[in-house]
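For clarity, chains are labelled A, B and C in written order, and residue numbers in each chain start from 1.
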Amino acid sequence: MIEARNVIKKYGSVTALDDFSVEIPKGKIGILGPNGAGKSTFVKIALGLITANSGNVTVLGENLDKNSIDIRRKIGYMPEHDCIPNHLSGVEFLIEMGLVSGMDTPSATQRTHEILGHLQMGEEKYRKIEEYSGGMRQKIKLAQGLIHGPEIIFLDEPTSGLDPKARHEMLDTINGLTKVSNTNVLLSTHILQDVETVCDYVIIVNNGKLQMKESVKELMKKQNDFIQVRLGGDIDGFANILKNKKINLLSDGRTLRVPYLNEDTFQQIIDAAVESKCQLYEMERSKVTMDNVYLEVIE
Amino acid sequence: MKEEAQVSEKFTRYDAELTTRTRIVIGMGLRGFSNLIKFNKKSSWNLALVFLIYLWSMVFFVLMASDNNSYPCEEMGTDFKYCQPIAYYGDMGLGGVRLFLVTLAAIASGGLIANDMNDKSLHLYLSRPISRLDYLIARFIPIFLLLIFVTVLPNIITFITQWSSAGLEFIWIKNHKWLIFDIIIQGIFYSASYSIIGLTFSTLINREYRAAGAFFLFVYGTNIIVEIFHLFVEDDRVLLFSIAHLLDIVSFEIFGAEYYFTSAGQLKGIELSNLEIFGTLTLVIGGCGLFVNWMISQMEANK
Amino acid sequence: MSEVILENVTKNYGKVQGISDISVEIKPGLTGILGPNGAGKSTMMKIILGLSRPSIGRVSVMGNNPFTSWEQRCKIGFVPEYDCFYEHMSGLDYVSYFLQMHNNSLEKSNEMAKKSLSELGLEEAMDRKIRTYSRGMRQKTKIARASVFNPDIYVLDEPFQGADPTTRHLLMMKMKEWASEGKTIMISSHILHDIENLTDQIILINNGRMLASGNRHEIRNLMNNIPRQVHVTPIDNKNLRKLAKRMMDESWVRATRIDNDELIIETDSSETFYLELPRIVKKEKIKIKNINSKDDSLDSLYTKLVGGAQWK
């Protein structure tokens, strides 16, 4: 979908992208990295908003050096910061964005209302944007990126500042709208769970370089060498029984960690729970989370 | 007939048909223009000024045309005569029109780019399939069209009335065919120059009303300062530092007429070479264009 | 000692509701304050800080009324949601400035500020102007300003907002450290996962009312009217149907469903279920490798409580 080769971008003395090469497959891709790692710079170069000092970028099979403007017909962009005009109503603004993308008025209007419907915007869509809450503004920002049915949409922190319900809605819409129309998603975020729930692939960028590119499913399959156990009742009794069997467990105050030796460890936990008359709330081999992966790669 | 039941999908696929870049830009420009002349609280000032300019031109046209022959006149060029009392009317008429024209340009152009920069929606426009230049053209069209309405149209009306007073003979048009061409060129020149300068101020000061105020003060401020300065220095090149004078000089050049201006109650001619005049003009307009382009490219880089 | 007690606290702003009739006791340790935007979280924090006086009810922070006890204010560390910087100052000057306001000498202030900032990983950036800081660095600076006074009570309003995962991790470690020192820490956040990682103790507010408070597992147990779905995975998936049949014999099992290699059991008496399940699988000699309830997560608890499922 997007291919970058040896891209270098400097702002004065600061190097944002340092010999950055990546081949991004189709699907939903999460871009992770610390602040100032070069994520936004890369996204802007891929959008053709800024040009790299050297290297070349291909988006959807087209070289950006030759045609960085017409390629944007197939691209939607949702910036991170607040960037919508206050003096228009939501509908007026989205229709204008549709027209500027090259749609005609009737289809821009139809599409505006369709997307706003998906985003659960009711009558407030006719009100002025200055009266909108943070969540509604975020919805308008997403809607303007999707309005012309792009093949790729870049989302920069789409869930920042949203409360849990609004976040679910946002992620649902991203999932739903992109699934039927095969829209590819490039999601840059600090909230790793969003990547876990939405993305197929994850890319980690640090210091202007690509650190990792991996399928999310593969990553999440990896398991740790301990079993997470949560109990109710006589926890000390439970711990003693396992200790007698020479199994040392760790406690972090909320859950117990039993080292995983083989499949029999599960049976030993169950036996110990029966014996100590404990309630066994949770027993699960601990899985690698995106947090673990991220921190490992960055540090 | 068998009826088929169906349940719609929640999300459906959408394929947009998108037009060309040229059409997008023209569409944006025309929508911008219609926003400038819409009947609402903000744009009504634009309409009022347009009306005022027409009225003013009309009144002075009548005043000047009413008693044309009783004043001593001397020939200046082939098509223009200079008659003493008419000069006062002419000065007031032209000066008034220019005052309103600059005001109109200031308040109409002030918000065009400033508002987009202020609420940062500029980023969204630039992420659409249009280039930076396309965007600037789309923002240039509304103000340009508005100014055309108050420059070219009244001029053409004047031309037509002149023609009718000459007896509506076709030969008159034939003899003056370059005049109508010059009139149109001059109108376009004024409109374009003031539009570009207006957009520059809109970009420089990204608050609508301040940009408008700064534009107005800049044009008239430099005008007054330069005229006072000219009294002491007596070098005509000083006049080039005032936008209003510069544009007037060029527009007289378009008609092939000598430029005169009123300073301290006296009419003065100027002696400047074409190189000086058009060099300054190119510098000013080119500088404005480059500056706006640079400002916007800066905004793209920083978020 | 460093407890926060709210008794029937109501706060109105003119005719606008802030919070209504909240009674809760916040003990030392980490407590997550959750709720939708505009639910009243910030109002509650302001009342605890003594920045506003409750319209009805009583607040007690460390045994005193926070609105009148000025002297204990430096024992409360507050991190507001919005930025409150002098942008032209460097991070070091900013933190040190607040210390100097509390009658510390310049050298001592600078030293303390330096220590606090470098603990939060701002060694290199602390001499730069705040104007140039990223959002994560701004959050760290705000937290350094609060923690430099070594307060007993922390009130953190969205401390993770805009922070990248590394910063988030670092801040969480710090908070856990403070909690283990016996400090009372209140955190509001929209990212439920962060709260889940930090603590089980939550307060959930919606429309100014408190919906629930306490340990989230205990809260879930109180909502027994909503059947609980537990996922059980046998090691050998041939045992799936056998286990499903066996479970249906129990009166407290409402339904079972097989989903790939998982058995989903719906129960309306979760305590009995969790006690009996190990016994049953032991007796039937079915080896299982996973017991896990997805609606035990904070996310599902939040959705249920905010949606009002507990009253249905």
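Here is the rule we use: a residue touches a chain if its C-beta (ideal position, glycine included) is under 8 Å from a C-beta of that chain, and two chains touch if they have at least 3 such contacts.
Note that this is a predicted model, so its numbers are computed, not measured.
Engineer: Measuring from CA centroids, which chain ends up nearest the centre of the complete protein set?
Structural biologist: The most central chain here turns out to be A.
Engineer: Name the chain whose C-alpha centroid is most distant from the C-alpha centroid of subunit A.
Structural biologist: It is B.
Engineer: Taking each chain's centre as the mean position of its Cα atoms, how many Å separate subunit A from subunit B?
Structural biologist: 49
Engineer: Just the number, please: Cα centre separation of subunit B and subunit C in whole Å.
Structural biologist: 60
Engineer: Hey, how far is the Cα centre of subunit A from the one of subunit C, in Å?
Structural biologist: That pair's centroid distance is 22 Å.
Engineer: Which positions of subunit A touch subunit B when the two form their complex?
Structural biologist: So the residues of subunit A in touch with subunit B come to 11, 40, 44, 47, 49-50, 69-73, 75, 77, 79-87, 96-97, 99-104, 107, 111, 114, 118, 144, 148-149, 176-177, 179-182.
Engineer: Touching subunit A in the complex: which residues of subunit B?
Structural biologist: 9-21, 23-24, 27-28, 31, 115-116, 119-131, 134, 300-301, 303
Engineer: In the complex of these two chains, what residues of subunit A are touching subunit C?
Structural biologist: Interface residues on the subunit A side: 32-36, 133-135, 160-168, 190-193, 230, 232-233, 254, 263, 266-267, 270-271, 273-274, 277-285, 291, 294-295, 298-299.
Engineer: Sort out for me which residues of subunit C touch subunit A in the complex.
Structural biologist: Residues 34-38, 134-137, 161-169, 190-193, 197, 200, 217, 235, 271, 274-275, 277-279, 281-282, 287-293, 296, 299, 302-303, 306 of subunit C touch subunit A in their complex.
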